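I have placed the structure first, in the form of C-alpha cells, so that the comments after it can refer back to it.
Chain lettering (A, B, C and D) follows the sequence in which the chains are written, and residue indices restart at 1 in each chain.
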Amino acid sequence: MKIPGNTFIVTGGASGLGLATCKRLVNLGAQVVLLDFNEENGKSVTAELGPKCTFIQCDVTSTESITAAIEQSEKLHPDNIRGLVNCAGVGGAILTLDRKKRPHDIGMFEHILRINTIGTFDVSRLTSAVIAKLPPLGKRIEGEGGIESGGGERGVIVNVASLAAFEGQDGQAAYAAAKGGVVGMTLPMARDLGRHNIRVMTIAPGSFETPLMTAAAESVQLGIKKGIAFPQEFGQGQEFAHLVTSIIENTYLNGTTIRIDAGARLAKL
Amino acid sequence: MKIPGNTFIVTGGASGLGLATCKRLVNLGAQVVLLDFNEENGKSVTAELGPKCTFIQCDVTSTESITAAIEQSEKLHPDNIRGLVNCAGVGGAILTLDRKKRPHDIGMFEHILRINTIGTFDVSRLTSAVIAKLPPLGKRIEGEGGIESGGGERGVIVNVASLAAFEGQDGQAAYAAAKGGVVGMTLPMARDLGRHNIRVMTIAPGSFETPLMTAAAESVQLGIKKGIAFPQEFGQGQEFAHLVTSIIENTYLNGTTIRIDAGARLAKL
Amino acid sequence: MKIPGNTFIVTGGASGLGLATCKRLVNLGAQVVLLDFNEENGKSVTAELGPKCTFIQCDVTSTESITAAIEQSEKLHPDNIRGLVNCAGVGGAILTLDRKKRPHDIGMFEHILRINTIGTFDVSRLTSAVIAKLPPLGKRIEGEGGIESGGGERGVIVNVASLAAFEGQDGQAAYAAAKGGVVGMTLPMARDLGRHNIRVMTIAPGSFETPLMTAAAESVQLGIKKGIAFPQEFGQGQEFAHLVTSIIENTYLNGTTIRIDAGARLAKL
Amino acid sequence: MKIPGNTFIVTGGASGLGLATCKRLVNLGAQVVLLDFNEENGKSVTAELGPKCTFIQCDVTSTESITAAIEQSEKLHPDNIRGLVNCAGVGGAILTLDRKKRPHDIGMFEHILRINTIGTFDVSRLTSAVIAKLPPLGKRIEGEGGIESGGGERGVIVNVASLAAFEGQDGQAAYAAAKGGVVGMTLPMARDLGRHNIRVMTIAPGSFETPLMTAAAESVQLGIKKGIAFPQEFGQGQEFAHLVTSIIENTYLNGTTIRIDAGARLAKL
C-alpha cells in the first residue's frame, strides 16, 4: 500500500516506538490519528508534528473509549483510514514466585494482558470493521509498479509484540504471555481479515532506546548489549518505524512476526 | 521425577485430555486431585478411578476457588503435591469480522483468555507456592538410575496449549491468543521457578478424539485428517497422557513446548 | 545502510527473485554485480539494466569460480562492495520413498544442499572477507537521519531460504534440509560477522510468480492459492526485492528470518 | 510402538547419547544394532551390553558402508527392524571470519554437513526402505491400551539435531546449518514416510555430559550452566535416552522437533 495520502491510526503514539512511527508516517505524507491515554504527551506531539497528526485521548482497555476514538477518526478522515499500528503497551517485571516464595499478583498479570493483548485485539477488531467497508485499493499490476499499486487490499494492521514472546526473561511471565498472545493471534487474524483484504503483521522489537532503558543501571544496559550480535546498541525509534512503513508498503507481507533486535536473544538473568 | 507415590493436581480432569491424564497417573501409582467445575463428571470420574483420585470442585477463573481447592488438596496430601497439569480450557470459533463485517465480541475474547491463560497462570502460581516449600527430591547421580532419582527438583508444571498457538485457523484469534500466551509464558515461568527447582513445560496437542471432534461433520473430520502426516486419525487421550508422564519423569525437559499432532499443520479454512 | 552509490553482489541474479532484486537495486541508485551460471540470461539482463549492472559468470558450487568472481567484482568496484544477496538456488521434489518404496537418490539430496546451503555459505564467507576490510560506514546519530546513516556497519548479507524450511511438503526433504540449513546458520553467521560489523539476514519466500509456478497445472496453482491468507496470488518479484532493500536499509534487522508469503502455510499434499 | 522384542538401529551408538540410547533400549527388552565407525568403542560396548546388542562398523558418510550395514542388520534380525536413532554426529567451532578476517574453511563446512545432515538422511532413506516392506504393527484400539498397541505403524526414525539449529553460537555456522537441515527435513520426511506408516521425529539436545563438555574449561562450563533454567547441570545420557524411548512408544508424536535442554537458550559468546 502506498503511504502518502492515506490515514493511519497509531495507538500509544505519544511516546517511544509509537511516536517514532507517527513521525515517519507524517514525514512520508500520511495523515495520522494518534490515540493515547497520556494527554499531555499526546498534545505536545501533535503540536510538534503539525496538522497531519491529530491526537485523540483514548484508553485501549475501554471498548467505549476506543469506539468513540474510532468514530471521531472516521469523521476527521472519512473513507480514508487504511491502517492501524498497535503500539500502546506496557511491560512488567514480576517473578512467578518471589524470593520469599510469595506468588505473582494475579491482578498485575491480568492488567498486562488487558492492555497488550485484549487492548490490541479490541482496537483491531473495531478498526478493521471500518476498513472492511472501504473500497479496495488498486490491483497489483506487474510492470506498473507492483507493490506500490496495492494488491486490491483494503488496509493493514501492525501489532507490536516483543522478544519476550519467544525468550521471556525471569520476571516476564505476564509480559511474555501478553506478547505471546499477540504473536499467536497474528495468523488467525490475517486469515480472518484476509477475507476482507486486510493484512495483519506483528513486529517483535528487541531493546529500544526509551527513557526506561536509558534510565536502567549501566550493568543492566551492558548485560543487554552483550547479548546483541550487531550493532551492540539499543535500537532507535526510526528503525522500528522504518520496519512499520516497510510492512505497510509491501502487500505480500502478511500473517507473520518479524524480530527487529540486532540479533539479540534474551538470556536467563 | 518418579510418579508412584507422588500427588498431582489435574485441572479440567473431569473430561477429555485431563481425564486421560488422571487415569494414567493413577495407573502408574500416583495420587491425583482432580479440579474441575463440572461436578457431575468429576464425581463420576472419581467413582471410577477409586480412592487414589479425589475430586474438588473448582473454577479456574476464580482465585478464591483455586485457593480453597489447593488448601484442601494440601490437607488431603500433606507435603506430597509435586506436580500440576493444567488441562482446564475452552475453545472458540469466532471470526475477527463476520460475513456482515461485524466485529468479534470482545467479551468472548476475554473469556477465552481468562480460562486458558489467566486460569492456567493463576493455578500455577498458587500451586508452585506450595511446591516451593517442599524439600527437594533426591539428587541425580550418574550410574545410579539418573533421571529416576529426580535431579533435586521439587516439582513440575505441565501446561496445555494447542497447535492454534502456531497456526491458528480462521476464527481462532481468541483461542490462538490464549494458547500463544501459554506458550509465551512457558520459558519465563521455567526461569522464575527454576530458582525453586520447579520445571514448567507445555504440550501443544493437535486434534484429539473428544465428543466435540467426533460430533463434527464428516467433511470437517476428513479435512482435519487430510492435513495429518501419520497416523491420519484423531489422537487418543492415552497418547496425550503418555506425553504428560514422560515429561514428569524426565528432569531435563524444561521451558519448552512439545507438539503432539501426528505431523499436522493447521490449514486456512 | 544507504543503498545509492554502494555496490551489491547478487547471486542467481539472472532470473526470478534475483533478477527483481538487481532491478530494484539499480533503480534505487546502487551498482550491482550479478553472478549466475546462466550466461545467456545474465547477459540479456545486464543489457537491459545498463551500466550499473555487470554480469560475471559464476557457479556457486565452485570455490574457484566464486573466488574469481569476487576478485573481479573488487576490481570493478574497489572498496565499495557493501552487500550480498544470495538468490542462487534450486528446488526439488523427490519423495523419501517413492510409491514402489525405492529410496530418494542420495546424489540429488547432496546436489540440492550443495547449491542452496554450501553455495550460500561459500559466497558469504568469501564476500564477507572482502567487506570486513572496508572502513565502517558512518555512525548512527539520532536526529540526523538515524538508520540512514548506517550504524557503523560495514556490510550486509541477505540469504534466501523458503517456507520449506518450516513446513516442507511431501517430496521436499532435500530442499527443506537445504533451506533449514540456511535458516539455522543465519544467527551464528550474524554473531560471527557482527564482530566485523556485518549483518546477516534471511528471507523465506512463499510462492512467487516464476516460470515454474505459472507453468504448473491449474489445480496445483489453485491448491497453493487456497492456503494463502491474502492476497491469494503468487508473490511478485518486486515484493521480494522491496523486502531485500528494506533489510539493507534497516541496520537493526539482524540474525533472523522473515517470511514473505501472504500468510501461507504449506499443507500436506 | 512397543519396545520389547523389536529391533532398533542406533548410529553413533558407541559413545555419548547413542550409547545411552543403546543401553536403555536393551534394558527395555529391545534388540539393538549399533552402527559406528569407532570399532574399539563399538566392540567394548557390545561386550558390555550382551547378546541383545550387535556392533557393525559403519561410516555414515559412505552409502556403500551404510548399505552393507543395513543388509547385515536385516540378516541378523529378519523382518524385525522397526526403528532407527541417528546419533552419529560431529560438532565444530569455526568462526565465519577469524580475527585476522580469514574465512572459514569450506571443506570443514561441507564435512560437518556430510556427517550430520547427509549422513542422517542417507541412513534414514535406506532403513526406511527396509521398514516400509514390513507388515504394519497392530491397530490402535481405544480402551485396550491405546498407544501401546501401535497405530498400524511400521516404524519410527529419531534424528538428533541441537539447540544450535535455533540459537547457534559464534563459531557454529556449519554445525547450525547441519542441524538446521535436520530440523528442516523432519516434517517433509514425516509427510513422505507417513504414506508408509513410518514416523519421523527429531530431538534437539542442550548440553549433555560428554567427555568434550567435562573437559572444557571451568569458566566455559559455568557460562553454559548459567544460561540454564533448571537443573543447572549438563544433561545425562539417560535423560536423552528416556526421551528417545518416549518418542518410540508414543505413536502420535510425529513430524516435530523436541528440545531437551533444561530451559537453556544459547547466548552470544
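Methods note: a residue touches a chain if its C-beta (ideal position, glycine included) is under 8 Å from a C-beta of that chain, and two chains touch if they have at least 3 such contacts.
Chain by chain, the UniProt names read as follows: A, B, C, D = 3-hydroxyacyl-CoA dehydrogenase.
It should be emphasised that the depicted structure is a prediction, and the values quoted were computed from it without experimental measurement.
Greatest Cα centroid separation from chain A: this falls to D. Computed centre separation for the pair chain A/chain C is 28 angstrom, with centres defined by C-alpha atoms. Chain A and chain B have CA centres that are 31 Å apart.
Contact of a single residue of chain B with at least two other chains is seen at positions 167, 187, 191, 193, 195, 228-229, 263, 265, 268.
Viewed as a contact network, the protein chains are fully connected, with every chain touching every other.
By the touch criterion stated above, chain C contacts chain D in their complex at residues 63, 95-97, 101-104, 106, 109-110, 113, 117-118, 121-122, 124-126, 128-129, 132-133, 164-185, 187-189, 191-196, 268-269. Residue ranges on chain A touching chain D, taken from their complex, read 167, 226-229, 263, 265-268. Put simply, chain C touches chain A in their complex at residues 140, 142, 145-147, 151-153, 187, 190-191, 193-195, 197-199, 206, 209, 228-233, 235-240, 242-243, 246, 249-256, 258-265.
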